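Quick heads-up: structures coming right below.
Both complexes shown next keep chain A, but they swap its partner, so chain B is in the first and chain C is in the second.
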Partner chain A sequence: MEQLGKEEVKETSGSELRTVLRSLRRSRTATFGLIYVIALVIVAILAPIISPFDPYAQDLPNRLQPPSFPHILGLDEFGRDVLSRLIHGATISMQVGLEVVLLSLLIGVIVGAISGYYGGWADMVCMRVADIFLAFPSLVLAIGIMAVIGPSIFNVVLSLVVVSWPYYARVIRSQTITLKKMDFITAARAMGASGRRILRTHIIPNAIPPVIILATLGMGSAILAEAGLSFLGLGVNPPTPSWGIMVASGRDYILQAPHMVISSGLIITITVLAFNLLGDGLRDALDPRLRI
Partner chain B sequence: MLEYIVKRLALVIPVFLGVSAIVFIIMLNTPGDPVLVRIGLDPNVSPEKIEAARRELGLDQPIYIQYFKFLARLVQGDLGNNIRTGRPVAQDIMEAFPRTLILAVTSILLAIVIGIPAGIISAKKQYSVFDNITSVGSLLAASMPNFWLALVLILFFSYWLKLTPISGYGTPIHLILPTIALGAALAGTVTRFTRSSMLEVIRQDFVRTAKAKGLKESIVTFKHALKNALIPIVTVIGLQFGSLLAGAFFVEAIFAYPGVGRLAVQAIQQKNYTVVQGAVLVVSISFVLINLLIDIIYAYIDPRVQYE
Partner chain C sequence: MTLDSDKVLLEVRNLKTYIETSSGLVKAVDDVSFDVRKGEIVGLVGESGCGKTMAALSVMRLLPEPYGKIVGGSIYFDGQDLTKLSEGEMRAIRGSKISIIFQDPLTALNPIMKIGEQIVEAIVSHQQVDKNEARQRAINLLHSVGIPDGKVIANQYPFRISGGMRQRVMIAIALACDPTLLIADEPTTNLDVSIQAQILEVISDIRRKRGISVLLITHNLGLVAWLCDRVFVMYAGKIVEQAPTEALFTNPSHPYTELLLKSVPKLDSPKDKLATIEGEVPNLIMVPKGCRFHLRCPYARECCRAVEPDLVKVGIDHYARCLMQDSRYNVEWK
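Our next item is the complex of A and B:
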C-alpha cells in the first residue's frame, strides 16, 4: 500500500518537472535566466581553470589599463586582470548565495513546519519571533550586524541568514497549514504515523515546490546583498575578488578607468536579473494563477 | 474600526520591544571594551578605577537590567552620546532624518509617476512590444544595485555631460541623481505590481459592466479599474519602504547627501558604534510605523479589511 503511494508520487513529480521545464522553455526570458544561471554555475566551479590570468597577479606599471588584448576587460588599480577577478568573483557570489538560501531554507522548513503543523503556542512564539525580524528593513539589520561582527565571508552568510529565514518560515507554515487538512494526511494519521513522520515524509516534501520560487529569487537578493555589504567594506575582505569590492575600488578611479565600475556592476545586474527572470518563469510554470 | 486600530497598535508594542532587544544584543558584541574607551588606553590605570568606570557605565549589572535601562533611555529619546563628538546621538539623527525622508519621498513620487502609467499601459496592451520592453525593463531596474546605478549616473551626467552636481545637498538639483538612483528599483517594482493588479481587475465583471454601459474607455480605466487596483500597489510601496531606507545608506554615502544613511556609513567606518546603533534603531522603527500607518489608512478606505 505504502509502496504504491510512493510510486504514484514519484510519477507525478517526474511529469511535473517535465511540465515545468516545458513551460520555462516557452518563455524566452525564463530560458535566458536558466541558461545564464547554469553557465554561471559552471564558471564559478571551473574558475581556476578557465580564468585567463591569476586574479591576484599584479602588473603595477600597466595599472588601470583600459580593455585591450590580452586583458579583454582591462586592468584594475593594482594591474590585476579584471576579467579573471570577475570570474573568481562568481565563485564567491554563488557560494554566498547558495549558502544563504540553503541555510535560510533549512531554518525556515524546521520553524515553518513545526509552527504550521502543531499550531498553538509553538506557532505563536515562532511567528512572533519571525514578525520581529521581518519588522527590520533586512539590509539595514544585516549592515548593523556586520558593523559589529566584522567583515568575512562566514559573517556575510550569517547576517544574511538571520534576515532572510523568516520569509521561508512563513511560506512553509502556510503550506503546512493547507496540507495538514488534506485527506492523505488524515489517512496517514489514522494509520498511526507519528507527527514527526508525517512532517518528514508527507508534509515537508510537498511544501517545498512553492519555496523553490522564493529560493531562486532569494539567490538574486543574496548576491545583491553580498555585493552591497562588500561595497561598504562590510562584506568579503580584500584582496578576495568580490563584485561589490570591485565596484567600490572602481569608484575611486571612475574617471581614469570607468571600465572597472562598469564591468563589475554590469555583471551583478545581469546575474540578479537572470535569477529574477528564472524565478518569474518558475512562478508562471508552478502556479499560473500568480502570473505577474 | 476603533477596535481594529487599538489592536493593530497593541501589536506594535511586542515588535518594538523585539526590535530594540535585537539591536541591544547586537551592540553587546561591539568589539573594543567600552570601559577602555571611557578611561583611555592608560596602561597604569588602577583596577579600582576600571571597576569604578564599569559601575559608572552600568556594566556590572545583569544583562536584562542593562536592557531595561537601555529601553528606559530609548523611550525618553536618549540614544547615548556620539563617542567622537560627545553630542547626543539623537540630535545627530534628528538633523539627518528629515533629509532622508525628503529623498525617500521624492523617490516614491518618481516611482509612482513612472510606474503606475507604465503598468497601466502594459496591462491594457498585454503581450505587445511595449509590454515586453516594460516587463524586462522594470525587472532590470529592480535587479540593479543602486550603488552602481548611482556611480553610472555620476559618470554620465556629472562628469561627462556636466549637467548635475557630483555630490552635496541644498538645492533641488542636488536631489535629481540621488532620487533616480534610489527610486529606479521601486519604479520597476511599482510597474510590475500595477500591471499584474490591473490585469486582474480589468477581467472582473464590474469592469465589463462599466464598458457595456458604454462608458468612455478612460473613465473605465481610471475610475473603475485603477481605483480598485491601487490597494496592492500601495501595500507594495509600504513594504518597499524598508528597501528604500536601506538603499539610502548607499545612495547617500555616494552622493555625500547628509542623511541618516550617510551618517551611519560614516559611523561604521569610524567604528562609532553608538551612532550605528541609533541609526539602525531609528530607521527600523520608522519602517514599523510607516507600515502601521498604511494598515490604519486601509481600514478606512477598504471596508473589507478586518482584524481577525
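Our next item is the complex of A and C:
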C-alpha cells in the first residue's frame, strides 16, 4: 500500500461528483435517465424563455388543431399551444416533485434516525404514527386532504408530504438499526462520541445512500400523484398548465384530437420512467464500495 | 520505564460482568481483579470465550445493551471508580483518557468517511481545535504510527487501504487525544504475520515515546512474550494465573498456562504433533463445580472436583489459582 500510484491518488482527490457520474455512465439506462432528468430540469427552469408560445394565449378558431407547423404538438380545446403548455407544466411537476421529496426526506430522516437509534418509547410513538399513515392508501388519503384544504400547488405538496414521509422514515429507521450494531459505531462510542454526534456523522450519512434510490423513485411518484390529483380536479387550479389537467381535458376530445392525451400522457410516463432508471443507476454509483 | 512505574493506573477489583442470554445468565467475567501500572504493557490472555473481551468492554462501559451488566466490583482508573460514573462522565473519559482498538480494523472504520476526517472527528469530539489544526494533527498522528504518506492516506476511504494500514489508522484514532491507557483487543488477529510484527512494533513504540499504558488482550502467547511486562491468564471468567512475563514463561504454575505454553509451535521442537488442550472452555452458564479447569486438567484429583481454589502466591508478583500450589492440599500430584 505504501506505493500507491500517483494516478490513483489524483483520481480520489478529484471531485466526488465526477466519480459518481463516471459510474453512472457505465449503465445505459441510467445514462438515459440522467440526461432526461437534466434536460427536464433545464426546460423547467428556462420555461418562460424557451417555450415558443404563451401557454395561456388562446386561438379559438383553430382549436384542437393537430400537430403542424408552427404548433408542433398542435392546439388544445381553447386553441392554446400544447408544446408550450407541456414546457410550463414541467416547471410545476419538477417543483412539486422536488419539494415533496426534500420535505418528506427531511421528516423521514429525523423521525427514522431518532426512532431507530434510541429505540424504546420514542421508537414506539414514531413508528405507530407512521403505521397510521401507511394504513391508508396514499392517493386516497391525499385526495381526502386535498378535498378538505382545497386545490393549490402548496396544498398538493403538503398532502403528498403527509402521505410519503413514513416510507422514508421506515427505511431510515431500519438502516439505523442495522448501522448502530456495527463495529464502527461501537468504535465511535469508544472514542467518546455522543449520541447526537454519532447520528449526525456516522449513522445518517451511511443511511442516506439507500434512501437516494427511494427519493429518486419518489420524485417520479410525486410527479405522477400531482398529475393524478390535477386530473381529478383536486390539484393545481386551471388554467395553470399541469400535465394532469392536460390529460384530463384531452380525455374529452380523445377521438377528435388524440394528440392532446397522447403528448401529455406520454411525457408523464417517460418522466416517471426516467426517474426510476436514474434511481437504480444512482444506487450503484453512490456506494463507494462498488467503485473500485 | 519512568520513575513512578509502580503507580497503578487501572485497577479492576472483583469485577463481575454478567450477560443475559436466551439460554441463561452468562457469567462472562466472574470476580476478576487485575491492574495496569503506568507505562506498562499488560497482557490478558485466554481462549476465545473466556471473558477477556467482556472484561475490556466493562472497563470502557461499552457492554452490549441491555443484556450485559456490571453486577459487582469496581474499576479504578486514575483513582476514579468508573462503575459509578454517569454515561456523560464516562463519555468524557472514552477516547480522551482510555482508548480501545478492536480486532477487525475494517468494520471498525466508517466505510464512507475519509480516513483523515475520521481522525479529525476523534480529535474534535474532545478538544476545541479548528479543522485545519486538527487535520495537521491527523497527518502527524498517521506519521507517528508509521504511515509516512499521511496526506495521501488521509484522503482515502478505508476500503482502499490494506488491513495493516487500517489497524495503524485505528491506532492513530485511538491516540488522537493522548489517552493514558490503550486497550488493544486482539489487535493483530486478522493480520498477516509480517504485518502483525509491524503493528506490535508500533504499539511498543508509542509506549516508549508517549509513556502510555497498554492492556493487550490476546490469545497469542508469542505476542505476550514479545511485548508484555506482566500477564494475566484468564480461564472461564476467572484469572487463573498472574505473573511477570519472564516468570510466567519460565515457571508456569497453573496447569492451564503450562498447557497453553506447550501448544505454542516452536521452530526447534520435533515436527510431529502439536500439543493441544483436550476439551473446550466450559459453558459459562453452567460453570463446573470446584476448579473450573478440572475437566481438562491432566493433574486433576478428587479435591479439584470439590474445592474452588484461591489465588495462591507462588513467587514475586506471581499468583496461581491451583490447589497444587496450595500447601493445605498435600496430595500426590504428578
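General observations
The criterion applied here is as follows: the second predicted complex is superposed on the first by the 257 of 292 C-alpha atoms of A that agree within 3 Å, B and C clash if a C-alpha of one lies under 4 Å from a C-alpha of the other, contacts with A are read in each partner's own complex, and residues count from 1 in each chain.
Assume a contact is a pair of C-beta atoms (placed from the backbone, for glycine too) under 8 Å apart; a residue touches a chain by one contact, two chains touch by 3 or more.
In this text the structure is predicted, and so the values were computed from the model without any measurement.
In the superposition on chain A, A:A285 contacts neither chain B nor chain C. Of the two partner chains, chain B is the only one touched by A:V148; chain C is not. By the touch criterion stated above, A:I114 is placed in contact with neither chain B nor chain C. After overlaying the two complexes on the shared chain, residue contacts for A:F184 are found with chain C alone; chain B is out of touch. By the touch criterion defined above, A:V156 reaches neither chain B nor chain C. Of the two partner chains, chain C is the only one that A:S194 touches; chain B does not reach it. Measured by the number of chain A residues touched, the leading partner among chain B and chain C is B. By the touch criterion defined above, A:A227 lies against chain B but remains apart from chain C after alignment on the C-alpha atoms of chain A.
Of the two partner chains placed by the overlay, only chain C lies in contact with A:P205; chain B stays clear of it. In the three-chain superposition model, chain A touches chain B and chain C at no common residue. Within the complex formed with chain A, the residues of chain C that make contact are 60, 62, 91-96, 99-100, 102, 104, 107-113, 121-122, 125-126, 148-149, 152, 155-157, 159-162, 164-165, 170, 173-174, 176-177. Chain A makes touch with chain C in their complex at residues 1-2, 4, 9, 12-13, 182-184, 186-194, 197, 201-202, 205-206, 209, 288-289. By the touch criterion given at the top, residues 14-15, 18-19, 22-23, 26-27, 29-31, 135-136, 139-140, 142-145, 147-149, 151-152, 154-155, 159, 192-193, 195-196, 241-243, 245-247, 249-250, 253-254, 264-265, 268-269, 273, 276-277, 280, 283-284, 287-288 of chain B touch chain A in their complex. Chain contact summary for the complex, chain A toward chain B: residues 29, 128-129, 131-133, 135-141, 143-145, 147-150, 220, 224, 227-228, 231-234, 244, 247, 250-251, 254-255, 258, 261-262, 264-265, 268-269, 272-273, 276-277, 280, 291-292.
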